[in-house]
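One chain, subunit A, links the two complexes that follow: it is found with subunit B in the first and with subunit C in the second.
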Partner chain A sequence: MNAPFYEYGFFGDNFSLVVALITGIGFGFFLERAGFGSGRKLAAQFYLTDMTVFKVMFTAIVTAMLGLFWLSWLGLVDYALVSVPPTYLVPQLVGGIIFGTGFVMGGYCPGTSCVASSTGKLDGGVNLVGMIAGILLFGEAFSLLESFYNSSSMGAFTLPQVLGLSEGLTMFLIVVSAVGGFMAAERIEARYRNGSDNPIA
Partner chain B sequence: MLNNECRIGDILKTLLFSKSPQPYWNPYLAGIGLGIVLLASYVVMGRGLGATGAFTSAVSYGVQQISPEHAATSPFYSSYLPTTRHPLADWLVFEIIGVVIGGFLSGTLAGRVKKTVEKGPRITVPGRMLYAFVGGIAMGVGSRLARGCTSGQALTGGALLSVGSWVFILAVFLTAYVIAYFVRKQWT
Partner chain C sequence: MDLTIQSPKLLRILAIAALALGFFAIFAGSPSRTTVTLDVLELASIIEREEDHVSPEQLASMIMNPAGTFRLIDVRDSVSHAVYHIPGAEHWDLTALASVRFKPLETLVLYSQGGTHASQAWFLLKARGLRNVYTVRGGLDLWNARVLYPEPPTGASRAAKDSLHYIAAFFGGFLTDRPPVSRKTPASDHSHQNRLRFERERERTRDGC
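Right after this comes the complex of A and B.
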């Protein structure tokens, strides 16, 4: 098997849009299944009453991370052809701080605001409009932000490089932290949980 | 036979349009589902998921329609306006259309599609809408500065062990916990 299929030219750009649509349907489906069409459920993460955001996100990260590692170890996927988002350390730190503020104020992140909108949450729709306004604002202010936006560029820079560990050991540490995090999340929920996991309430 | 068909029809009806909302999935199960979608995207496309990129394409296209000159002279908009294809014939644009469909499909099957406003008991609807809008602006600006959001940066880059993505994840969570205290009237 030669994967990634697109990178090996098994299909072209037109068909890739069909793949995009199917991928998105799967993405949106599982986001809604998790309860991420509800702003109250997402925000509850930050009041310790419902740790679903943490659990879903880290389960997804670990699943994809290990899946890709094993497929590449079996020689089925060329890991080098999967594009790693480049690191721009300081803009990503500051971007994360602004984004985190927006997340708990708005109640959604961009993907979940789409799911909220398509399941009838009016605040999700307003949040989407705000996000579009934010992107436009950024675009209009880009000449002022450009040098900061491109600062601390480090290319495809990964945790194994920082830690000086092998990929396998780094992933093992992430899995151990995730499992520890899940156990802590269950305990926190047992203590603070209210009815926010109930879609009717 | 006729009787059977009616039964199947009834079952389909309750499945598709069940009035009482069903509980959400176990978070670990939903997380594995999401992880498999992300993994499939790596394997098939060699890239991960995204969300804000789609809206940036749409915004750039909109700016181009209003003022082609303004869009062309901006290095930001023009990077989302390829000349070889239509700017909206973009992978993330089609993916996000899928997200809307997939979310609606799941919500419909579980009886969770309902016109409502998500908020705590201590805030008015207009108040909540203001928060949703301002929060959206911050999300838009933050995601552009970070070159991605929870999908393109946290999930996609997180699973590929990108340092910038993990810095983004930590910054988002820590900040949200701090700010949560100041906006508690909205949710609790």
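Right after this comes the complex of A and C.
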């Protein structure tokens, strides 16, 4: 049996929604268990007093990357069928700035705002309402934004293609960066936790 | 339930494991498969059993009574495709077919002018591991002769001729012994509407590529 299962026709569009629901619940569970249901913990990332967001996200990237590579190598996943989203450089940069600003102001990203509201946190609920309002606003204004939304299209590409390196070497460099990053994160945390200018201590 | 790993020793083991998997990946080669191993006996058997193609009449029936979903692919050049193509056909040239993403179990029906290019495309897609790939026997030439402008067999009954005429008219053609008197007969209008509806439906349900 080969993955991706949807691409191989093992289930259709309707069942894929069930899979999405189960995956979403799993994702939310692990976000909550990682402590991402707390706006304080998430905001602490920006003040460098708690690097959990960095560590969890980078761990997820490394795990998924190594898993995808080696499962493909073993013939269990068809690497060519894994979706690579296309890059629209300028709109995505602008989107990233809006996303980051909202994140640092509200203390939550879209996923974590759902996690926080499901555990009854009022600030999470406010962020969730803001997110839904943003989606509605974007949808209604899409005709005005459409040309910008589709601008600076660069197609779908991967990091090895950009760097001109093999997939294996790119992966190794990312793993080395991750391990180095985790070690640096521990030191940064220790330094800023003990600092007198900790704004959310 | 606390899922946090507290043990520094376990963290070190996980870090070393990740580094080892990353290091060995350098020597593992690319997981993208651009070279394939073909089962030539299986391919020969498919061709011998004539399971590699559909007839123009079968294709016409598949389009008129779409019980299942399939994608019809025109592998001729883009100019020929723009001049005429079988209703619902997408255009992909051979180079694009080598890299375009299809679902592995998707049914693909390929045609070219005479059939040679479609057969080459069939082989190429089979080599990529796609299972349900077929060509249209005789290509567009046989489609024209059998579906679009069919010549009724000698001694064919009126019902058989009517059936051929109905199919031809559906696709905008006519029976060679019943050339159209006017382009705006009720029958041709009806067929034209059917065809437009079919084209619109195909366009709506087509996967983006």
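Just a few scattered comments:
Rule of thumb we're sticking to: the second predicted complex is superposed on the first by the 193 of 201 C-alpha atoms of A that agree within 3 Å, B and C clash if a C-alpha of one lies under 4 Å from a C-alpha of the other, contacts with A are read in each partner's own complex, and residues count from 1 in each chain.
By our rule, a contact is a pair of C-beta atoms (placed from the backbone, for glycine too) under 8 Å apart; a residue touches a chain by one contact, two chains touch by 3 or more.
Since the model is a prediction, treat every value here as computed from it, not as a measurement.
Of the two partner chains, subunit B and subunit C are each touched by A:A34.
Legend: residue contacts after superposition of the two complexes on their common chain; A:L122 is shown touching subunit B, with no touch to subunit C. Looking at the shared chain after the overlay, A:W73 reaches subunit C, while subunit B stays out of its contact range. Legend: residue contacts after superposition of the two complexes on their common chain; A:E7 is shown touching both subunit B and subunit C.
In the superposition on chain A, A:F58 makes contact with subunit B only, not with subunit C. When the shared chain is aligned, subunit C comes close enough to touch A:V179, but subunit B does not.
In the superposition on chain A, contact of A:G168 is made with subunit C only, not with subunit B. Which of subunit B and subunit C touches more residues of subunit A is settled by the count: it is B.
In the superposition on chain A, A:L81 contacts both subunit B and subunit C.
In the superposition on chain A, the residues of subunit A contacted by subunit B and by subunit C overlap at 7, 30, 33-34, 62, 81, 167, 171, 174, 182.
On the side of subunit A, the complex with subunit C involves touching residues 2, 7-9, 30, 33-34, 62, 66, 69-70, 72-73, 78-81, 166-169, 171-172, 174-176, 178-179, 182. Every residue of subunit B that touches subunit A in the complex is listed here, in rising order: 20-25, 27-28, 30-49, 51-52, 55-56, 58-60, 63, 74-77, 85, 89, 91-107, 110, 112-120, 128-129, 131-177, 179-180, 183-184, 186-188. Interface residues of subunit C, counted against subunit A in their complex, comprise 1-4, 15, 18-19, 21-23, 25-33, 101, 103-106.
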